[in-house]
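This is the structure I have questions about; it appears just below.
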Amino acid sequence: MLSLKSLTKTYRTGDKALVSVDIDIPNGQVVALIGPSGAGKSTLIRCINRLVEPTSGQVLLDDVDVTALSSSGLRRERRRMGMIFQEYALVERLTVMENVLSGRLGYVGFWRSFLRKYPQSDIDEAFRLLDRVGLLAMADKRADELSGGQRQRVGICRALIQNPALLLVDEPTASLDPKTSRQIMRLICELCQERGLAAIINIHDVALAQMFVQRVIGLQSGAIRFDGPPDGLSPDVLTEIYGEEDWQATIRKDEDEDTEAAVA
Amino acid sequence: MTTALNTKIGQPWRKPSFIKRAWLRWALGVSGVLYLIAAISSIEVNWSRVYEGLDRGAAFIMSFTRPDFVSRASDIWDGMLESLIMTVAASVVGILISIPIGLGAARNIAPLPVYLVCRSIVALSRALQEIIVAILLVAIFGFGPLAGFLTLSFATIGFLSKLLAEDIESMDRVQAEAIRATGAGWMQWINYGVQPQVMPRLIGLSMYRVDINFRESAILGLVGAGGIGATLNTAFDRYEFDTAAAILMIIIGIVMMLEYLSGVIRARVQ
Amino acid sequence: MPIEQNADGLKVWQKRNRREQFTHWASWFIGVAVFVVCWQQISESTTWFFVWDAPRIAGDILTRATPPKWEYITQLGEPIWDTLNIATLGTLLALFLAVPTAFLAARNTTPSKTFIRPLALLIIVSTRSINSLIWALLLIAIIGPGVFAGILAIAIRSIGFCAKLLYEAIEEIDHKQVEAITATGASRWQVMAYGIVPQIMPAFAGVAVFRWDINIRESTVLGLVGAGGIGLQLSSSLNVLAWPQVSLILIVILFAVVLSEWVSAKVRGAII
């Protein structure tokens, strides 16, 4: 169970990225976070694992107050929150296997990680995950040799090998083509189901979000404007979140790839 | 897929090595270690001399807290002025000469014979060390700043022409072709099609070279080619660390100033 | 690019307006004036009699220096070995010291921007402002002449050079990769080893080889001030005006420089 209690972030420039956000996410629920650019979606996700320090408010993960932790306590909690990034954020010059194993960094000591002497159980798990996403044969390739979709799969493995309770997913499909986007979203949601993971997925492709998630939260100017099932996204709601536009084409569920590409 | 997985589960994993062939990896490693052992064991260090020197080293470092600008003020002033004069004059002449040579050393705009001549000038200038050139020029022209000026000009040509030529070779062809298509002459073509593309970098590199020329001018005095080097050498010979510290501080100060200046100029032209 | 109207009401295009034109010409004028003054100074402290005599002297030296004294090469083996060692060990020592300095100097990895970073930058600027020959002079005054002083001189001079290029590379890394490693719960050192080091490895290798190439050149002349290597032979041959030996040494140095440039180009090609 993840609870955000009046989470607020004001940047030093005075920009209010988040204004007193309250969200409760029960275990195993997959939530899509939508909203225009600059609405504070990225900031929200980064405040949860404190890659961005929140100005005030609390983040509670299973009753542990993440915002109050010391740096070593924070490291321990970060292990329970896997993160998947926009544009993958793999360490390009390391191999696929090293990238996946880097998800275990919070569990192993410095010298073990430096010498790449991971416990056998970690190595087995890395192979299992790579097999699950269909990249077993690529294990010893360097990350920059992979295509976009493949890289994002490695990113997913890196997040899952942490054995997290929660996935923080930041625009996972932003630089992928429509077909790969769907595959990646499907994979993330399937894996969440298999492992009973909660997830927050930042996404600006509303139709794609509707296709896969159980709950949608709409963010605008750092405040929640909508919180409900994907079917509840009416044109009025979207107008409130994004501003005036013809929304019929966006909501339609079985749209063709072209409009999706245009949105992406 | 599952059979592939089963063969890997339970197996140790090792990061693939940078050098794939094991024998080559070992050969390189072993020869590297052997070289290091041979090299280190061939150095003769007179440790008692080093130990004695520690006091002098400490004295030198301490002298930075009380540099002596005064007792040799006129020597320092003359030497610094001479260094600066050589730097300025050599940079101006060097830059002016390196522009035509740089154009000639760019394969995409120069005909082959010109290219070969210019490239060999560049290669010669780069292969000969400043200090060696200075020795020869002092032997030929006698002591004094003229030898230093010629040395620095010659070194500037090698440095700047090479980089200018590389810059021209990697420029955008389309822009240059567009100018040629207007019926421009060769000079006009260089002026409109090439110059705007390479100018910002040329200015940046020239500033950088001024910086290098000043630093080099500080050592030319060691072989009698003018500048602050002679004064510095005398100061070290007489163990006048206070004066040496003062000179080094002035050099560092001027280099920092030149770097700052070149940063400002580069920011303005880009 | 101002467009002005002249008295007849016609539009006139000029690249610069009048004021810009004036400052433009004024700065050219000042530049030329400074150059002329500099040249006069140089000219005053030159004995022009020697200069007019220069072609004859140059010819004289050339005839005396040819042919090179080839058999002298047997005595150059050890100096060449020393020169190689000065450059290689000096570079290794410099890299060893430059890496921590670079991490302390880079804006995104320094532990303290107000105190430690300026200190690291001071080390960088002061070591690289001063030529290795001057460092050699200083070290010889402190610890006596020899190869060891040469190695230290090369090392000190190279710290600033390598650290500057490295810290610029560190500042240019992709921050997202670092963020991703941080998000896994990695410690500070692990973030460094996984997020930063792989990204700067190519720059590091390039800098190391590049500097080694430069150091080979520099170590060939360190002997002129007594810091070991082939420069010692050059210096003593010059002192007794043994021009055939000088020309042979110059050929050897030229060969070494060309060879080191070739090696460094090959190694850089293999790494990057």
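Note that the chains take the letters A, B and C in the order they are written out, and that residue 1 is the start of every chain.
The rule is short, and it goes like this: a contact is a pair of C-beta atoms (placed from the backbone, for glycine too) under 8 Å apart; a residue touches a chain by one contact, two chains touch by 3 or more.
Predicted, not measured: the structure shown is a model, and the values here were computed from it.
Novice: Taking chains as nodes and touches as edges, what kind of graph is this: line, ring, star, complete or other?
Specialist: Drawn as a graph, the chains make a fully connected set, so complete.
Novice: What chain pair has the highest count of contacting C-beta pairs?
Specialist: Max contact pairs: B-C.
Novice: If you take the mean of the Cα atoms for each chain, which one ends up farthest from subunit B?
Specialist: The chain farthest from subunit B, judged by C-alpha centres, is A.
Novice: Roughly how far is subunit A from subunit C, centre to centre by C-alpha average, rounded to an integer in Å?
Specialist: The separation of the two C-alpha centroids amounts to 47 Å.
Novice: Give, as an integer number of Å, the spacing between the C-alpha centres of subunit C and subunit B.
Specialist: From the centre of subunit B to the centre of subunit C is 4 Å.
Novice: What are the residue numbers in subunit A that touch two or more other chains?
Specialist: In subunit A, 98 touch at least two other chains.
Novice: Any idea which subunit A residues touch subunit C in the complex?
Specialist: Going through subunit A, the ones touching subunit C are 49, 51, 74-79, 81-83, 85, 87, 89-94, 98, 102-107, 110, 113-114, 155, 158, 162, 168.
Novice: Contact residues on subunit B for subunit C in the complex?
Specialist: For this pair, the touching residues of subunit B are 35, 39-40, 42-46, 49-50, 53, 56-57, 60, 81-82, 85-86, 88-89, 92, 127-129, 131-132, 135-136, 139-142, 144-146, 149, 215-216, 218-219, 222-223, 226, 229, 232-233, 236-237, 239, 244, 248, 251-252, 255-256, 259.
Novice: Which residues of subunit B touch subunit A in their complex?
Specialist: Per the touch definition, subunit B meets subunit A at residues 1-2, 4-5, 8-16.
Novice: Mind pulling up the subunit C residues that touch subunit B in the complex?
Specialist: 31, 34-35, 38-39, 41-43, 45-47, 50-51, 54, 57-58, 61, 81-82, 84-85, 88-89, 125-126, 129-131, 133-134, 137-138, 140-144, 146-148, 151, 217-218, 220-221, 224-225, 234, 238, 250, 253-254, 257-258
Novice: Looking at the complex, which residues from subunit C come into contact with subunit A?
Specialist: The touching residues are 174, 176-177, 179-187, 189-190, 193-195, 198-199, 201-202.
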